[in-house]
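For reference, the structures are reproduced in the following blocks.
In what comes next, subunit A is part of two complexes: it sits with subunit B in the first one and with subunit C in the second one.
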Partner chain A sequence: MTLALELALIAFVVVTAVFAALLRDVLGSIAVFAAYSLGLAIIWVLLQAPDVALTEAAVGAGVMTFLFLLTIAKTTRPDTEKPLKQVDLKAFVVVAAVALLMLTTVPAMPEVGDPDAPPVSAEHPTGEQTPYSYYIENTYVQAGIENAVAGVLVVYRGFDTFGEAVVVFAAAVGVMVVLKREVLK
Partner chain B sequence: MTDSSGFDDRSENDSSTHRGQLEADGGEAGAPIDTEEARRRPYVESQVVMATVRLISPFVLTYGVFVTLHGADSPGGGFQGGVIMAATVVMLAFSFGIQPTREWVDDSALLGLVAGGVALFAVAILTPMAFDGAALELVVLESTTTVAVKWWVEMVEVAIGMMVAGVVVGLFFVISSGVFGTDEADREGDR
Partner chain C sequence: MIEEFIARHYHVAFIVVLAIGLYMLIESGNLVKKVIGLNIFQMSVFLFFTTAAYVEGGGPALVGPESVPGEHSNPLPHVLILTAIVVGVSLTSLALALVVRVYREYGTLDEDRLEEVMAGEP
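Presenting the complex of A and B:
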């Protein structure tokens, strides 16, 4: 059941990704891209990564769609009858080669849910405790936080998170200053 | 806020199409916008969208607040919650018109939200130092302030949420003002 759902979702994501790239109508392309993000979000839920799923749904399917829509508001619709773009053969070969190269790493990955997979196992082959099992064991004991992701982000890696926050702050202020100046010209 | 004017304008401009509106707003960039009514015209004239957004936006906002405040106990946190809260404002803007929403949301309030978020995060960094801990050593606070670490973490989540919500809404407004042309330029000129 889950496998069928996963396969259907993966097929959906691949098809929407291809259409998002090939559609001539940018508005349609954006709509398909939002659908792609939503499908990806459901895949994250199935892979038990609800934090990533929430982000994907809110940012990828939600806010990005609105920002894209604003961005294309000044463009015009193509007046050709053909709904799809012509595939550039050279570009396709390059993209396919890169995709194949990346796919060769897939067999090396551990099975989904494998308890002995290196990232989730209790110990490294050398006998040291892995960060994963350390956080799972200690987040609740040390900080009383049930969501280990939040625990890592704020309690153990708070300085990194603060750095990210300040980067977002600085980037946003920079973008706003530049865009405001453009508007006023 | 903007709903009543949105519906009124809709009936007045019934004949113009969605695309025509888009072109009218975007195409005549730089052209002076004459009347208050023309500026307040929502560019998506759909009863269905307006009614749906009016119905679901309180729930979406509540969910955003929930995700932010429950970051320590359930999936999500400040970042996700902040984006969801910002999505409420973006959704309102898209259904009732960006310009009225822009006037409703204060620019300085948005900047205050962003700067306040960073400041609140800084409080979480500095407070443990006041209690003989290292910077950001929130665990120290449990015994000294009798406030559980969890609540300090929630404070950081709220700080992140404020910042992210402010950034997303601000970015949306700034980009929209570039696209549709706002009274921003006029107002600046008047000063």
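Presenting the complex of A and C:
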């Protein structure tokens, strides 16, 4: 049952991505991209990542779509006679080669949800404790935060979050410089 | 062979979606569609990370004093992806600002047309 739901969601995500690539109308592409984002957000709920799902639904599907719509409102939307583009053969061959090469590595990956997979095992092969097990056992004890994602984000990896804030600030300055150069002179 | 891929369906989905994003980056002549392709590409990598963090039968990473590994998904990839989503939006907004600027200067967003316009300038 769950597998059927997961496969249906994967099919939805892949189909929306294909339509985002093939639609000629940029507005249509943006709408399909928002649907793609929402599909991924639902997959993340199934993968027990509610924080990522919320952020994706709010930021990926919400803010991102708004930014794209703002851009085509300020620029142009190409005229379209036919709704779909032809597949470009050269680009397709290059991309298919990359995808096939990557697909050969799939059987070497741990199965989805495998409790012995390196990212979710309690010990390294050498017997040392993994960061995963450290965060699960200590976040509540050391930081008093029940949500381990928030705990790791602000306590253990606070500098990382600070760096993220710097990037956001730099991007905001960049947007202002690019769009209002006349004003700043 | 098929079972191996079914058991790793999220990895297969990650590769397929990554390929579609790459295709959009290479093929699209329109600059806005290129940025959409870049975002599709980027989000497929997020799928790879959250899949790595998932453990069968485990809940979300909500912990208490008695928590043991194996009952929760790994919070670390989730944190990295939260950061990556926010950074991705910042970079997208900067890219779109550049797109708007290009349109103001050259009056087109089509790659081929843009090359013609730039070559025509003194």
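The definition used in the following text is that the second predicted complex is superposed on the first by the 173 of 185 C-alpha atoms of A that agree within 3 Å, B and C clash if a C-alpha of one lies under 4 Å from a C-alpha of the other, contacts with A are read in each partner's own complex, and residues count from 1 in each chain.
Please note the rule applied: a residue touches a chain if its C-beta (ideal position, glycine included) is under 8 Å from a C-beta of that chain, and two chains touch if they have at least 3 such contacts.
None of the values given here were measured: they were computed from a predicted structure.
J.: Could you check whether subunit B and subunit C clash or fit when both are placed on subunit A?
T.: Subunit B and subunit C fit side by side in the superposed model.
J.: Thinking of the overlay built on chain A, is A:Ile30 touched by subunit B (first), by subunit C (second), by both, or by neither?
T.: Only subunit C is touched by A:Ile30; subunit B is not.
J.: Between subunit B and subunit C, whom does A:Asp51 touch in the aligned arrangement: first, second, both, or neither?
T.: The answer is both, since A:Asp51 touches subunit B and subunit C.
J.: State whether A:Leu7 touches subunit B only (first), subunit C only (second), both chains, or neither.
T.: It touches subunit C, and subunit B stays clear.
J.: Scan A:Val94 for contacts with subunit B and subunit C and give back first, second, both or neither.
T.: In the superposition, A:Val94 touches subunit C alone.
J.: So, A:Val112: does it touch subunit B (first), subunit C (second), both, or neither?
T.: second
J.: Between subunit B (first) and subunit C (second), which does A:Val168 come into contact with in this model arrangement: first, second, both, or neither?
T.: Both partners, subunit B and subunit C.
J.: Between subunit B (first) and subunit C (second), which, if any, makes contact with A:Gln142: first, second, both or neither?
T.: Touch partner of A:Gln142: subunit B, not subunit C.
J.: First (subunit B), second (subunit C), both or neither: which does A:Leu67 touch?
T.: In the superposed model, A:Leu67 contacts both subunit B and subunit C.
J.: Considering only the touch criterion stated at the top, classify A:Pro78 as touching first (subunit B), second (subunit C), both, or neither.
T.: A:Pro78 contacts subunit C only, not subunit B.
J.: With both structures placed on chain A, which of the two partners, subunit B or subunit C, ends up touching more residues of subunit A?
T.: Result: the larger residue contact count on subunit A belongs to C.
J.: So after superposition, what is the minimum Cα distance from subunit B to subunit C, given in Å?
T.: Here the least C-alpha separation of subunit B and subunit C stands at 6 Å.
J.: Could you list which residues of subunit A make contact with subunit B in one structure and with subunit C in the other?
T.: The answer is residues 50-51, 55, 59, 63, 67, 70-71, 74, 146-147, 149, 151, 153, 161, 168, 172, 175, 179 of subunit A.
J.: Spell out the part of subunit A that touches subunit C in their complex, as residue ranges.
T.: 3, 6-7, 10, 13-14, 17-18, 20-21, 26, 29-30, 33, 36-37, 40, 43-44, 47-52, 55-56, 59-60, 63-64, 67-68, 70-72, 74-76, 78, 88, 91-92, 94-96, 98-99, 102-103, 106-107, 109, 111-115, 117, 119-122, 130-133, 135-137, 139-141, 146-149, 151-153, 157, 160-161, 164, 167-168, 170-172, 174-175, 178-179
J.: Which of the residues in subunit A come into contact with subunit B in the complex?
T.: Per the touch definition, subunit A meets subunit B at residues 50-51, 53-55, 58-59, 62-63, 66-67, 69-71, 73-74, 142-147, 149-151, 153-155, 158-159, 161-162, 165-166, 168-169, 172-173, 175-176, 179-180, 182-184.
J.: Which positions of subunit B touch subunit A when the two form their complex?
T.: 22, 25-27, 29, 67, 71-77, 79-80, 83-84, 86-87, 90, 94, 114-115, 117-118, 121-122, 124-125, 135-136, 138-139, 142, 148-150, 153, 156-157, 159-160, 163-164, 166-168, 170-172, 174-180, 182, 184-185, 188
J.: Would you tell me which residues of subunit C are touching subunit A in their complex?
T.: Residue positions touching the partner: 4-13, 15-24, 26-28, 30, 32-33, 35-37, 39-40, 43, 46-47, 50-65, 67-70, 72-79, 81-83, 85-87, 89-94, 96-101, 103, 108-110.
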